[in-house]
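The chains carry the letters A, B, C, D, E and F, assigned in the order they are written, with residues numbered from 1 in each.
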């Protein structure tokens, strides 16, 4: 199995699998990575995304202050474990440099395409809707028009053009605590006009993802296909439970699912996952891959309260997904 | 006031306003135009659209047979009043001529752009979503990819490109009997990729459209702006009530509302509007305009059971909307 | 049986009971009294109240224009049947004569106490709440502070002080299309401070009033007790059905129910009651009584669309309520 | 096609199909058969069942008085059209002759098995549940223990034992205005113990029965199978719509569906079906068949307000069901 | 007080009550007995049942693998504390030995009657329904037809025939996260046909069981009556809370409740009860009794995640129930 | 800043702010103050109120026994930390000394006005409603008539008359787990008749109090205004989260909000706040202030399970509120 187009990240945060553990992913011993009230006015930081950047790491973080309203902050880290946040949220601007305001911003993903960095997140466009912005220096973030009509969440860009077009996964839904939702794929020549919409994956018959699913972290290209992590939700009498699993999508026709794991990879089991602002949430939003070793560091939000980390190897994960595919 | 880009339709169905009536629109004395079980296997025909065609009229009709599942049928009429339906529903095909199947199709709109005819309607794309097809002869209908992600209804195309792009209004919502919804506008260079999404109109403070709104019939271009009919819904303890009203949109920037009438133009008051499969529905989907006289024939579905007709004059309607604008 | 404190109204609108009819109340042959679009900008007039006034009749009417928002209008009538409405809604003022604005006003009741007239209705006090105003000339209406906290509807004042205090019935509920509710009674020395709250009647085991009840028209004093009409609501799979019945309350302790009729007096059966803006509603809001003959003219809203009228005799009605009491 | 085990009913109520009508069933010109307030204290009589009896007809009727609570009444008719009701509801007794009370009783079916008559209906067993009673003279009705656990409705007995056992169709559901439900079949050696439960028919993909279905009138045995009428419900934004259709079940293994009509046979279209206490209900509960001519008289409740009648011929109906079978 | 028909179980798992503790039941110090991911592919094991078997213990366990779908597994234990699970779920067969498949199986109870073992559980019969199977060797499990129509859960068999018939408790409900439900009792001569249904216990006025109740573990026969543990549910703004308590049922007429404890015996208080897949659940499903000493070991699921254990003495428990009876 | 009308409480429970902590309030190191099953039959004690009394402290406590029904108990404490509860709940009486019964009592507040002590709480007046009682010795509690109509909760009296009248804050709502609600203010000359109702604060745009708010502890008078703690609720997909914050109200016109803090002061973060009977609840109900030092001890219920304590200084809190005011 070959990893494609990923970089060497010698300083990727990593721990080997505990002895005897056969699990496809394993948790960081220092979890949760980002605890409550980690800095200044920030009370909860979770569902956030990092990329390697100039030998270190940089990321876009969902952070809430004591008003409870989420905004996006830039954070920097030498080791991918300890994060230094900027004092103020990102101010997105339009092409002319004017502030492109919205009441809230949440659940960012971050991907590098052809040397530039693209953030996708959810903001308020007369209802929750996806937003995209481009940055090259993590200082100026230029926001595009909203790519899709509301109501939509969990927008994930592929890290390269496919067939000459940008490709995005998303999860159309409704204006509230949506109780349904599948993953779709759309294409664009210019990041402004989107179409050729395809249905990629529907919620599953497995109970852990009966209610809804959504794309998680940035797709990883391998010669077996795109490795995609996705969350799945089940509805108990005491609320939703968010687990996550993985799939392999066709490299050139990414709307085609080659393998989809019927088992979850991780489900809320630790205190920092089962208790918090929203109990029972594991929500992956970012994956680092060291091309040389295949090591993976998967960042996931836990309980809408903490940022957590788990690890795997790309080939181990791809193997597991294929073996447990339906 | 000048009507732009509309044709002369000397045989437009029309009745003058009853004496003493000051209303902005008035009902056809022969309503409902299409009654229950109008032909062969068809049980209910409503929410349908007509255009002038070769000196007569042709249309795409939402018709349900006794399974209750809606499909689209071509219908022809010499006078716009008495309709002859084809025996079988339209079979949409893709570019290669293969059948482009969907489980149901409903609420079509129909518009001529540069000599071709475009149908927009709602079909099943893993949830209710908008569809577009093109025809030149009303025999072959070539379907485009779904323009937007689900869940979306009430797609209305403008009858000409604006700023070099196709323009569509739509109402994103959810997968069921949606209890919320505003009108948005999107643009496309090719009818395949859509973007530059704008919010056009939100539900109103007036009680008749407190719950949701949606674009109705094909926009009529005038030198005062695009005349758009839209439905508005209020939620009583015994269900939704659908009325309709009108707005004027900027000619070159149609996302800008110049005038929006705070009064409804028509609300369910007649037996064929207040009783039927879905009581209390007046749902406009098509408007014919005779360029010479300014006469308007507005087709609207009533009670999700009948096709009804009401009349006005373009200048009278525009005047009313401006006068009662908020 | 003796009627107390009511006036002679020789011109009370009335029709004798149809031959052979044994019903406790019977409908006016000219129903609905007020049809759709009865005047100028008014589209629906219903749930309204009249009193005898200077040999004729005057009333406060819930009327909606084409925005669908309800306001209150003064209407005058020589015969209690044909009403002349004022052009503009009542503008309520505070003690200083400043406008006491609210977004909407609905379901007024009207009663004379010691020579002054008191309107009670529902308006918007951060949610639906009861309002009271006093007038002596039906030109100036001085509004009191809101007597109760929201959320409350169906406030009915007794036509005299009892035990030296003003007495009001009301139906506390919630902020929407309430699915529960009982009738309570409150007392006030000054129409400003209210207390000594009592529970008067709960929803019934009879199916017609299983869901909620509310006081209807002005209580009529008799030596058998206060004759109170009240509406009751049942919840079918296709919405609420509003019927009404009657009860006798103790004269000096009106929170005590002496008799409560287990049968409805009137239930939606006529087209103007079963079809309209809100199907299946009979909602009594006002009763005229001619002291000499005992004739009653009961005004009730039908289908939230029309004003209708039915008749009875006080003793016949009291007799029926006692006979069918539980 | 041969009708089995039915009697000759020369005085069956009947009208021939209107000229040119191709429908599988056609309405009685005198509909509704039983109007509002048909007798004494009865306000609404519907969802009721008749059998031929001593050269005339007798039936068990759901009737509500002005409390709105439904009880069952015996009614007699010489012609199947004009009904004479008993003054008081049926008092069911247990084997010892003691009253077997319940708060309400509704939606009876009636069938003759081996010379005795069996009523099945819904009453209150800590929630809606099915009840059975036996009578031979329509004076004494002996009630059995509740055959099934709640919550269940629409119990229909087959008119003969099959494989030596009694057979009943029913529709398990929940305690309220159920939004789901399929038809099941159960067997009993003694009308007391029930088991061998089978699933017979699920709600349909056709929109008229998307939400739930339930067995309607007594099954008619033919050499093609048991002819079963069943109602189907769809859920609009303004409430449920009840239509009905038919199926053929295997004669000896009645849990096996041979043919199921994908079209409805009758859907609410007339005023007495679309307006009333519960708008848009056609609910079949009883079918008379004249063995000699094959004439059918189908009784159905309309709008939970009226009893209506429609006609067909057994072979025409069976033919239609087979032709439109899925 | 005398225990009837139970065996001596000298190796029953047991701990004496902590000093000073006056509680009717006390928790095992090693709780939770079965933790997350206890074996191979099993992620959560809970709501399960054990019996003494050949000097050791055997049980049927609800276990979920990483698909989240529950199946039933056989488990064996020497001490009732440490369990060895079989690798694969039980494959139920019909009388002919053919696989009797269902999509899921959950919440088993297990009881010995006349030398054979009977499992009752919930599986998918077009909605959740009860299932029964018989085994003598815990290798072959023969499944009966579904005893009741759906929708039903919490089926508990009595460990002997009463009055010559098998007796089962169950909780009819609906197809989802039911918000209502009482305990009923049914009888059968053959485990196939069920009838003589009785209502046993309704949800309580005590707040801990306001919403619904359900039979818990196998009834224990004593000369004071059948000791039944049952769970009760209350509905907070943040979900359901499951506690449990006990009742005494008449020995020969077990539908008659002699005593019902108004206090809960155990309510979620420990971390492994208040946090997990479904927070705040204590759900008893099995009780072992040592006839000689009266020691009880009660197995209960906690948080739909763990299997836990608590202890009591039969006489202490019966005494508590009687003392706190309502 | 000056504290007005508060006493010196030298023995006020207090801890200084942990070093480096900049928070406006800080938790007691011994939290939770009152744990599960603190005494005799009491299982959970929370949402309770204390006052200084004869050199020590006395309070009224919401306590639930094992039936789960809440009642009010008197508790005494020398240090405000360790509480001794009475064995039996308070028996409220009317003026004649007769028991004034209600099914449940919860969420008491306690305030001293002119030498007498007033308890306000929620009990059952045909739905949840506010109650008031007066005591001078904490033995006899005389209950007034219910001050407001149901449905209302969170009644908080001001500790002195303002403008010659008693003043109460409350939160009208509905009969269940209310999903909306604002704070209102009412005035009374006699604690019996209430009026002059004003709207004080609506739910906030900040996400932590989007859903509803309610007055918390007794208002503290300062020369900057009345310091009011209030709880705010947000609605996640897994239930409500209760945080609290503070506001300053005008001293003589307390319906006027001078400052309202946009940040929460405390949100559930500790195990005893995020886990329990109702996870994620911090609910302030009482504040002690030492006039001399300005020390504050704020009692708050956590997780509807525990009583907890946090501290601040009046001036620090007022400063924070003003600084973060919107």
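Here is the rule we use: contacts are C-beta pairs under 8 Å (C-beta built on N, C-alpha and C of every residue); 3 or more make two chains touch, one makes a residue touch a chain.
What you see is a predicted model; the values in this text were computed from it and never measured.
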item	value
Chain-contact steps, minimal, separating subunit E from subunit A	1
Of D-E and B-C, pair with higher C-beta contact tally	D-E
Copies subunit E and subunit F touch via same or different residues, half shared test	different
Euclidean distance of C-alpha centroids - subunit C vs subunit F, Å	40
Intercentroid distance (Cα basis), subunit C paired with subunit A, Å	59
Distance from subunit D to subunit A - Cα centre to Cα centre, in angstrom	56
Multi-chain contact sites of subunit E, meaning residues that touch two or more partners	238-239, 275, 279-280
All chain pairs that touch each other	A-B, A-E, A-F, B-C, B-D, C-D, C-F, D-E, E-F
Complex interface listing, subunit C residues touching subunit F	125-127, 145-152, 170, 172-175, 180, 182, 184, 186-190, 192-197, 199, 202
Residue ranges of subunit D in contact with subunit B within the complex	206-209, 234-239, 241, 243, 262-264, 267-269, 271, 274-275, 279-280, 324
Touching residues on subunit F, where the partner in the complex is subunit E	36-37, 43, 64-70, 104, 177, 238-240, 275-280, 304
